[in-house]
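To start, the structure under review is shown below, and the notes come after it.
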Amino acid sequence: MESPQFSCKLGVLSRPDASVIFCEGETVVMAGIYGPIEVKMQKMLIDKASVECNYRPKRGLPGVEDKLYESLIRNICDTALVTSLYPRSAILIALQEMHNSGQLISCAINAACLVCLESGIDMKFMFGAVTCFLTNQEELRLMPPISDSAVKASFVFVLDNVKERILASHTEGSFSMEQYEEAQDLSRKQIKNVFAFFKKTLNSGKEM
Amino acid sequence: MAKQYKSLHPVKYYRDYLSHNIRPDGREFDEFRPTLLNVGTIDTADGSAISKLGRTTVVCGIKAEFCKPKAETPNKGFIVPNLELSPLCSPKFRPGPPSDQAQVLTQLIADIIENSHCIDLKDLCIFPDRLAWCLFVDFVCLDFDGAVVDACILALMGALQTLCLPSVDYDPALDNKLVNLEKRISVPVHSTPISTTFTIFDDKIILVDPTVDEENLCSGILTIVLRGDEICSLHKPGGSPLTDEDLSSCIEKCKQRATSIKDLIKTVVKDYNNK
Amino acid sequence: MPKDHKRINGPEETVPYNLFTKLNTKTLLTKFEEAVCNGKRTDLRVPEEHRKIFLKSGIVSQAKGSAYIELGKTKVIVSVFDPREIPNRTDYSLKGEIYCEFKFAPFSCVKRRQHQQDTEEKQYSAIMKQALESTVCRHEFPNFQVDIYALVLHNDGSVLSAAITAAGVALSHAGVPMYDAITSVTLGIQDGIRLLDPNCEEQTLCEIPISSKQESSHGVIIVSMLDTHEQISQFYQYGCISVEDLSASVDVLKQACKNIVPVVQKCLVKHVLRTLNEDVED
């Protein structure tokens, strides 16, 4: 089955502690991380670091939909990072959508994982995301169909690399139970490629 | 004594209860709170419903207004859902613009409405490219005690089933509209999505229909929305990972829940129409 | 209007459908005559009769105190939260603050309300604050603030007095020290007829002069009272009312406020009994 190509460039920005520009298929997201940094009094947690996420759409101000993505990514990073090592501090992850051709959420999540890995903040596990599309012909695929109207449903799965359990799931459209399971199996296969790409990137130094 | 223990060691308090296979409010892990639905209580709205899950209370009111359809979709109307988590319902919320949580839940509800196709937007069109209905679906939370999305979706279904729009005579040549308030027509509801929320406690125990304390202490939340045999949203926003078996057992529980909730909606709407 | 990025926005321009109904050619005078026909109102009340009140405390489990009130179709819910420290405040205030927020639910009125507080709601919040400030023993919690939120679910007239009465109950339910129970009543006056506890239509009819006579009074009066010493804690009036009419109306309102007190007391007694029973069980 055809699957999206990954490419990325690390350290694209000079100010953040780590940054990455990540492409999944034709979708591109830029991510930066600051941390651990000073935290506002209201958000301070005494037993762990507070993880914040900032998601910006391609243009305009973030809307309600972007808030949903933001909270999704924040929750995932909060689970994956060992926040208890940095009490009374904050970890800020900033994401900027550059181009969306269907796999925006999974691309943003993968970019967030890469930037967390690159920053050297301790993590419990790696996480990766895969988007599957169910076309109107009830066919599952990893590449986004050319037009949005050809999509019956889309699934985003976020899995960890230790036991490949589901960290997060977000779906659009309606589908049957079997289709959900099939999509899950497919994403389990694909996630191996994602993790392999992460490892290759980190081993090979700065550029891919 | 229990009260002090609860406020000093909330997590330990819960663990003690859960180790005896019971929740602090006396429920089993997979037991739902009593569910209530009341429809058509607010005359000023075109459709309204109040739902209660235990102490969680949500009012849904739908108000219809005229608008012009979008140029790219000339034969479609609009649905504009918004959830208001006002400071009235919980000390967690402050006056001012909607909190992040309100925005996230609003989007989730909007996604559910869109994915379930419960209302065909084409039914809301009065005259293509000229006139359409815009349904403002407003949810107001009166008591924030967990599983708010479930309560919202239940109230939404009640409100949609009792939604009555006045009939309109539209004259396209003169752009004249005449509304006949006496003659009201209901809008066809094509499906009944039912939402169920679960929380994962300490990475392994799954609690159904959580209260707000459980939501605050848990390590993960999962919301499943079913429409008949199909899933129209499976939303798990991070938190502790879940195995496949757990997930399928959750879906199984949703299915059982969906039948009883559907019966509830049916009887409530029937009683209302007979009145 | 600027776009609200924190809510889902509909199409840019929407119009309520009520504007396109068959034109109503009735004059205000005939409308008013229909509203008060042979000394009876549309809901068969006599002009100086209050609607039946349903009052319940302890509606919102997350709030310290709460109350729900129904006057006919009017439905209002009020919740009160613990005194809390006033954020970003450096100077010492001898008396506690009261923060009131009055809000109409978007679907509560004939015309859809916006989510943001509009000027009418802000004014009602201010009146509510004024009414409650003299009722609460504010010296008991210096430098602290009590938050009171009122939400109208269904507006069928007299919403502000309903909110003030309910706020009084909610405050006592929350255990905030108070001098006395507060009750509030609205009265509309038009063409020499006093309509106690007007519903939405009657209230609008009282707002504008409809009689050709120059000297006839019209307007709305809202009065809140502390019963024990018959003290008026808040008085708000608009329209044009002659002094004689006003003083006569205040007497009517005084009596009406007195009549509500037993309802409030009963509600509070119920709450006390419930708490006692719970304590016994513990």
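Residue numbering begins at 1 within each chain, and the chains themselves are lettered A, B and C in the order written.
The working rule: a contact is a pair of C-beta atoms (placed from the backbone, for glycine too) under 8 Å apart; a residue touches a chain by one contact, two chains touch by 3 or more.
Just so we're on the same page, UniProt names per chain: A, C = Exoribonuclease phosphorolytic domain-containing protein; B = Ribosomal RNA-processing protein 43.
From a predicted model like this one, the values you see are computed outputs, not experimental measurements.
Colleague: Counting C-beta pairs in contact, which chain pair ranks first?
Modeller: B-C
Colleague: Could you name the chain whose Cα mean is nearest to the mean of all protein Cα atoms here?
Modeller: Centre-most chain by C-alpha means: B.
Colleague: Please tell me the distance, in whole Å, between the geometric centres of chain A and chain C computed from their C-alpha atoms.
Modeller: Roughly 50 Å, centre to centre.
Colleague: What whole-number Å value describes the gap between the mean CA coordinates of chain B and chain C?
Modeller: 29
Colleague: Residue numbers in chain C touching 2 or more other chains?
Modeller: Where chain C meets two or more other chains at a single residue, that happens at 6-8.
Colleague: Of all the residues in chain A, which ones touch at least 2 other chains?
Modeller: 64, 67
Colleague: Would you mind listing the residues of chain B that make contact with two or more other chains?
Modeller: Answer for chain B, listing residues that touch two or more other chains: 103, 106-107, 110.
Colleague: With touch defined as at the start, can you tell me which chain C residues reach chain A in the complex?
Modeller: 5-8
Colleague: Taking the touch rule as given, give the residues of chain A at its contact with chain C in the complex, in rising order.
Modeller: By the definition above, chain A touches chain C via 61-64, 67.
Colleague: Quick one: which bits of chain B touch chain C in the complex? Just the residue numbers, please.
Modeller: 41-45, 48, 55, 57, 59, 61-68, 70, 78, 80-82, 84, 86-92, 95, 97-98, 102-103, 106-107, 110, 134, 136, 138, 140, 142-145, 166, 168, 177-181, 212
Colleague: For chain A, which residues are in contact with chain B within the complex?
Modeller: Listed in rising order, the residues of chain A that touch chain B are 64-65, 67-68, 70-72, 74-79, 153, 158, 160, 163, 165-177, 180-181, 184.
Colleague: Tell me, which parts of chain C touch chain B in their complex?
Modeller: Listed in rising order, the residues of chain C that touch chain B are 4, 6-11, 13-18, 20-22, 59-63, 73, 75, 77-79, 81-82, 101, 103, 105-110, 112, 115, 147, 149-151, 153-156.
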